Structure formats: structure tokens, C-alpha cells
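Which chain is which? They are A, B, C and D, in the order written, and residues in each are numbered from 1.
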């Protein structure tokens, strides 16, 4: 019989700490490189309303690529199936920042979670919203039921100053007619977006609609609202399972078997359809840019709870 | 409320027939090109023991790449985690018969379901079994509870005569030290393997262990046997979800959201973990080599039953 | 016995006109697309001081990539062998505007004549000269002995407005640390550079130093000056022979066998070491971006004079 | 004033020996790896009939890829321009044994001097000659005026045993319809061809027709015979200049500026059109598979004689 969640989280916390030092904090964005490496937080939010945390689950961290999940959902709500004219939905088979695929496939990125695809999504939202803050922070505040969410201007600036490769991809897609706005403007928005900060508890909460058939769990006793249609929710989860962990998507699916989205800030959020969500954070990354302790913690949680077995 | 399965299958059968003529029968293997195109069969096997069929579900067809699922499972049982020294588990991001990836990744195929990866698996089994028939047909006969399964020698020969590209991949991997046997011998086995024939009912039955935590459903009143461990079963399903439909894996995940394996003979088998399996067959293929009516039928079945929602 | 040059040029002029309509004027830069297609000019300048022209040899045209020859020579004079830290000297084996090679080779372009390589050269010159006009127009005016050379501001603007792909390459190289200045600034200079206009007679004259061991032929009775060292002159010619015609370099070498530089404005300049230079211009381009009539005219000239035989 | 050739060769010999140890003997073919590294020979044959040698110019070595020059010339004589339906004439921009380019360009190798292209040439000759010995050895014996030329059966066997990658390329081209014979048979011929042995003096002699407008220099007082047409001779030289040194062709052109063909046996032959030929041999190779001392010796010879200047 499975022990209760709090005991499981404690056990995983203890086991995970043995892995400190096995990865490296991302340093290609200077401001990110300053984060103390030996931190670990984890939060589980269940569709029942229950939630549990362990470790540094209240420490805000930089969401980075995890924001791509939310901007994608917003764009999907706006554009529906028309979105797939601008971006594909296949695993990339290449590094998250590869430009090769764009050349051989006419400037259409493979999926919305590699950098090029996320830039297209931000381009779409830039055309729609005068201030992307409204779209993204507004959605996150509502989903997390937390009015105090912000992006870190120092991280955003550090990211913008070193965004040459993303600029290259934006211009490349523009040369193929797959970019509407000035790359400079979209990159400003993109770097602010990536610099959004949340803690594990907030992130698990904000993602809960994906485990709940698209329904947002209202915290205050009011009835749930449908944030995303049930079919689209299933599709988003499918895309997270096949493309959510950069070019380690297959490895994550194999080890963890859940829809996930990872970020170079060290965060990972996972969806257990019908059950709940898990957010985990630890800054040290493996060679593919995914959190070492985070991936381990999810793998252990799946093994100990059998959650992977019920979904796959 | 969902109508009963027999009615659903009838409805899907009717709807699917409207798509005749939208695809083309595979003709790169001459003997396969002779199959009459306008055929459609579908079978559902449930872990409860129940099963239902519609259309040409008793007509044997050439399994082709669907056999890769079974040879992979056999190799995984033999080698365990050591298997991943020989083959990766990431989506390929390229066509099923691409050789480019092999050059840039030292002769290690991306996953066991692209041609190069399946050749490595057959190479492994060739080293182990004097007659690969024993390994593959034996397993299929047990799993399907059907002693009369065979491979079609005419299809096997036709396939072997035109196997130049697969020979190229085998030699290329050999040049990287990732091939143990003579390519000629492995290709003989591989072409016989691909020429294995089953019908939808048998295929759904043979795959049922993947929906049942690895347990083989004994037909004759005896207790189930564990064919594959529960963890490995989950992992195989994960791999089928991310890599089972060639370079349309992302599209299949998005539309269908189930672990699948497709073949150029027009068959597709899908796993609904905890529920059952679906085998569908129709020879006309889309541009990516997947059955047009088969993919449609699965998409409809998922939409009508909500099976996709419970798993993802 | 070879007929005299004027008669040969007349003959080639007549033969070449039969090819009108076989190519297309470049239209990816809108202002270039307005050039009337049926024009043909040719000029030969000999190291003896003699020169001959035929057809529209006095009509100025947009040099485009032909300027890469001159900016490269200026950069080589400035940096010597150090230049090869920033750019390679191998044929690219890919289209002139491919970005793939940059990703697999760490942002170092294959050679100075593909777009990426030419951008690096312009970046180098941008670091050195406050006004690139001085460097390039100054050199061209001296070499052509013609004070009235300019760039066409309308073409430069049209080019700058559509320079997304070149911007992508500049940013990509910047992300690899192989770009010193702001891409925007370098692109301004690059587009002005490409918009430089000369006629065939001026171009043949300006290139004559490459046929003369690096010595500039002074027009006014003064002694020659050494514009480029003899060894470097030979090396520049070698590079023009292997890389001067985009990804048709091998075909040009095979058919013509001379160092050449082509441009999408329809110009081609060829060097006959020890003998002289040939400039030819006709706006219609083949699929690889080289002038149809220009390539034909050079091939005929080589066949009729045997110049190719003495050099190769 | 240039010193006489014998003194130049002595000087170069002395200088070159300082480079012993800078490269490595090819060991991917085991039998080649046994050649003692510290050997250096050089021979110059002039169209005047004069010839000079220095060092180990009488020691036979394995021609390897240098044979591709001769098989190409024989195929060109047989097929004329039709040859270019089977193989391209552009520099490859990739390693000599790359298979990537074949996939993206429909099984047509870039040029006759990369492995894939040379295999196509051998396939063509295999269709024409019952015994390829006749075609190649016969031509070499005539051109070198030396009846005792052979291939080394031990090297041929060693090469054949490790020819997996070449087999892969042959099968790959066969899958694209660009291979007529059984790959096994062509590889037998190819490995024997590569194992042909000559010494520097013989090799310089055998190549002299390329410096002499295609005329074979008869040794015995009889008049010259035309071995190859003058136009084709120029074209072969152009191809050697752009593609003769694998993916170091641009570097060779830059440093040496002559048509060359290199081999992993450590040999290089260079053509000085109108002047003569140079054969040089030393087994230690650089990272791109070209002889370290050989390339150095040619660079020095060109610098000291100015031969590069007259041709380019």
C-alpha cells in the first residue's frame, strides 16, 4: 500500500539531496547563473483540492521555458486549429535552440516548445496584446489564484542582452514569412515572459486545469470555470508528453511517462490527468538543460505512487 | 452517455468508408502493392476479456513495422536496460528511413521503431536465436492464443529484393561498431519478420498485455501470466506514444493521444492502458506511411469514448 | 589561329543573345527586379593595357556579390593570415544563404564569398572604417581609375528592407562570438556595399591587379603600384576559382576554369592570370543565381581563346 | 633567379624532414597502418621529358584515392558528358566518407573524388570491363611506361574486410537507382583498385598527360599519343583543383593553387599545366587525411618556383 503523500515527499526530498553537485546551474543567461545551486522544492496539487509541499516550495524561481506552456495555451485558445499553420506539433529531434530544422522546413518550427516555436507563439500574442503582461501574468494570476506574480526585470534584461541566437531565429522565420512583428519587439516580450517568477506551490496550482479536464479549480468556494476545452486539454497534455522536455522528451516519457514542461531555471511541472499536478524545482541542470533533482524526484514519485501506470 | 462498443464500431466503420481513395497502398514493396485498397477492419479487445470487431477484422494483413513493437519487447526482456547502449529512445524528427541521423550520432539509431533501430533489435535477436521464427512467431502465437500464425514468403522475398536502403543502414551501423551479425543475415530475418501476417482480432489480442500491466490474458480459464514487468510495460507504452508513428508521432499523440504502432501494411494497433487494445487495418496510406482510415477510426473512437481523456 | 579579340567579342555577343529568356532577373530584392532583362555587355582588359568591349559594356549595373571580392581583398590586406580565424576558405557545398553550416561549424562561415562570410568581412571593415564608403569606393575608384563610382541608395534601401535572412545569419554568428558590431549597423553597410554600381569596362579595369601579380595598372603613364602581394594575389585567385560562384563553383571551374566572382545583379568578373580580366553582365540568372548569358559568354571565350588551357 | 630543380628538391627534402611526427599513418585500414612513417619521396616530371627525384621516390606505396583520378578519366573517356547524370562536379563541403549529402541529393554523389562518387565510377567501369585490372592497370602501365604495376592483395583484402561504410554508401545509391551492379562486386573491384601500388617517379610520369594537353609522352622516341582531349584535360584539372583534396580542397587551392589528388596512403600528385607534374609521398597524414610532408613539399615547391603564379 502506498504511504501518504507527505511521507512520500519527505522521502523523495531526502533521496534527491544526494544528487546535489551532479548538474550545473544554467549560466548562459548571466543573471540566472547567480542562483545558489543547492535548493530543492516540490509541490503536489490534487484535483480534490488537497495540496502538499516539501523543501523550498515557497521560493520563487525563474520559470523560463515553463512559460511556453502557458503562452501556448493562450494562443491555442485564441487561434484554435489555425495555430498549426504557424507551428508544427512534432518532436524536434534536435536541440531546443537549433536553427537547422527551420532551414529545411521553410521556417515552420517543429513544435511550440522549442525556442523557435515559442517565439512564434510570442509573436502571435504580441500581435494581439498591447501588453503581453496582461495576457500571461493575468492568466497566471487567475490560474494560481495569486495576485502577486511578476517578472524579474534584471533577469529579463540579462536574457535580452544575450538573445542573439533567438534574434537569429526570429529573423530567419521572418525571412520565411512566418513572423509578423519586429523581432526586437517580440524578443523584448519573450525575455520578460521567460523571466516570470513563481514558486512550486503556485506553479502546481496554476497548471491544475490540465489535470482537471480544462477546469480551473476556484479556491474560494465558487464553482470551477472551464479554462480550456476538454479535447484541447487532452491535446496539450499529449504535446507536453512528446515535446515538453526539449530533446530529452523520449527519455522523460520513458522514465516518467507524464506530460511535463521543463525550464532552464530548474523547474519542471508535470500533469497526472485526473489526479493532479506536480511542480518541482532545483537549479542544477543536466547536459540537456533539465533539472537533475527535478527529473529524479518525478521519476521516484511515479514509481512510488504508480501514477505513471494509470495514465500510460 | 457513451453508446455500447458494437454500435460505436459500426458508426466508425460507416464514417471511415467515406475516406476510401484518400490514400495510396504502399508500393515500394511490390508484393504489398497488390493488396486491394478498399478494405477496413477493426477489433477491440478489453482487459475484461470482452472483444468486438467490425468489417474485415478477420482478414490477415502484413504487419510490417508493427512487428517492431514485439521484437522490441522481446529484446527488452532479454537485455533490460543494457538495450539502451545499442539504440536510443528519443523521437527521430526525421523520416523512418533516414540515414542522416546515424551519421551525426555515431551509428546509434534514435529509437527502436525507426528502421535503423528495428534493424539493431533484429540484429540482437539474430545473435540470440538460431531461428528468429521461434522468438517472434512463438511469442505472437502465445500472446494471440493462436497457433496458426506465419509469415508470407512471397512478401518477405519481395521485401528482401528491394531492401537496399535497409542494407545501407545496416552496413553503416556496422561501420560504427553497432551491428554484430552480417547485414545480409539480419536483413533476411528482418524481411521475414516484417512479412508476418495477422488479422485485427489476433493483433488486438496479442497486444493486450500492454493494456494490462504486462499480464497476458489466458484464454482458457487459466490465470494470467506476467509477460512483461509493470514498469517495463509503462515504458514500452511511453515509447509507443512518442515514437510509434514514424515522424507523425506528434500528430498522432495530438489527435489520438494513445500509444500506437503503425505499419505500411495499413495496420495500426493502439493501447488504452487499463482498458484494452484496438487494432485497425486499411491499406491506403497517407504521405507519412500511416493508414488513412486507420488513423481516422482511432481518432473517432477516442473522441466518442473519451478513452484519450482518461489516459492523458 | 585565334581571331582578334574584337571579332571574338562580336561573335560571342551574337551567340549569347540567343539565350535571352532562359533565365530570370533576381526579384527577391524588389529594386533589382525592375532591371530590363535583355541586356548584355562584356569588357576585356589586358595586362598589356589594351582593352575591348561589346554590347552594353558602359551600362552601370548593381555589383551585388561581386563586391565581396573587393571587401575580402581589403580585409586580407588589413588582417593577413589572422583573417582565417574569422572565416574559412573551403567551398561551402550549400546554397549561398544557408545557415545550416554555421550551426554545425560554430558560427565560422565556410568562405568569404557566401553571404555569412561576406557579412563577417563587412563586420571587420565596419570595425576599422568609420565610413565604409572610404574603404570600398575609395579602393574601387583607384583601381578602376574612375572617380565617379557610387552606390545606388534605392537598391540599398530595398535590400535592407528585405535583409531578414542576412540579419538572422549576423545574429547567429554573434551568438557564436564571431561578430563584433551590431548586426543592424553591419547590415546597413553591407546593403550599401552590395548596391555599388559599375559598368563592365570599369569592373574589368578594377580587377586587373589580380591578373597582374597584384600590380595596379596606372592609367596615366605613372609606374604600376603594388595593390596586393604576389602570393596573396595567387591565393585570392585560388579562392575565386573554388568558391567564387556560390554552389556552382565546381560547375564554373569545369566549364570555364578561371577564377570568377558572380553577383545576382547579373555581373561576372573573371581573371586570366598573366593575361587580363573579363567582365560580363546580363541580368537573367539561372537557378543558382548566376548570369545565364554571362556564364555562356565566358565559356565561349575560354573555348575560343584557349585561355583556360594555359591556366589550367 | 630560381635555382635548378635538383637543388630545390634537396632543399625541400631537408626542410620536410623536420615535420616527421606531426601526422599519423592511416590505420583504419589495418594493412596500411603497418607502413613505417618516416619516409619521404618526391618526383618531378616535365613535359620537356626531363625528370628529377629525391628521397624515397622509388619506394612503391598504396595509391588509394589517387586511383580515383585515373578511374574517373577512364570513365570520362567512355561516357563523355553522360557521366554527369551519375555524379556531380561540385565540391562536397563534407568529409570524404559522408553519407548525409547522398540522402539530401537523391543518391547522386557530389563529385567523382569523394568515396561515394568514386564508387559510382567503379560501378560504371565494372559494367564495362570483365576485369577491372585491364582498364586501370592497363592504363597505368601505358601512361607510366612501366609494365610491372600491380595491386597489393593483402592491402586489398584488409580494405575489403573493413569496407562497411563504403558498402553502406553503395547500397544507399542502389536504393536511389544510381548503382548498376551488386555492391559486393563493385567493392571487390574498388578495394583492389585502391590497393594499386606505384612509386613517385612512376606516378609523376603516369599523370604527365594532364600537364601536356592530354598527350601521353611516349618514352621510346615515338610520337605522343592523345590520351585525353584537350578540353577534357582542362576540365579534369579544374575538378582536381576544386575537389582533389577531400574537404581540404579550398585549403590546398589557397596554399598550393594546383590541381592535385591526394590519397590516404600518403601520396599526392599535382599538375602544373604546361610545365609538368609532381608526385610526393610520405605516410603521415593530417586530420583531413592528406600527407603532412607532402602538402608542405608542394607548398614550398610552388613558392620557390613560382609555378603557382603562372597558373593562377
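Heads up, the rule we're going with is that a contact is a pair of C-beta atoms (placed from the backbone, for glycine too) under 8 Å apart; a residue touches a chain by one contact, two chains touch by 3 or more.
In this text, all values refer to a predicted model and were calculated from it rather than measured experimentally.
With contact taken as defined at the outset, chain A and chain D are each touched by B, C. Annotation: the chain C:chain D pair of sequence copies touches via predominantly the same residues, more than half of the used numbers being shared. With centres defined by CA atoms alone, the chain at the far end from chain B is C. Chain centres here are Cα averages; for chain C and chain D they lie 32 Å apart.
Between chain B and chain C the centroid-to-centroid distance comes to 56 Å (mean Cα coordinates, whole Å). Rounded to whole angstrom, the centroid-to-centroid distance between chain B and chain D, based on C-alpha atoms, equals 49 Å.
Residue positions of chain C touching 2 or more other chains: there are none.
Pairwise chain contacts present here: A-B, A-C, B-D, C-D [touch as defined]. On the chain C side of its complex with chain A, the touching residues are 98-100, 102-104, 164-165, 167-172, 174-175, 183. Across the interface of their complex, chain A is touched by residues 88-94, 101, 110-111, 213, 230-231, 234-235, 237-239, 241-243, 247-251, 253-255, 257, 259, 273-274, 303, 308-312 of chain B.
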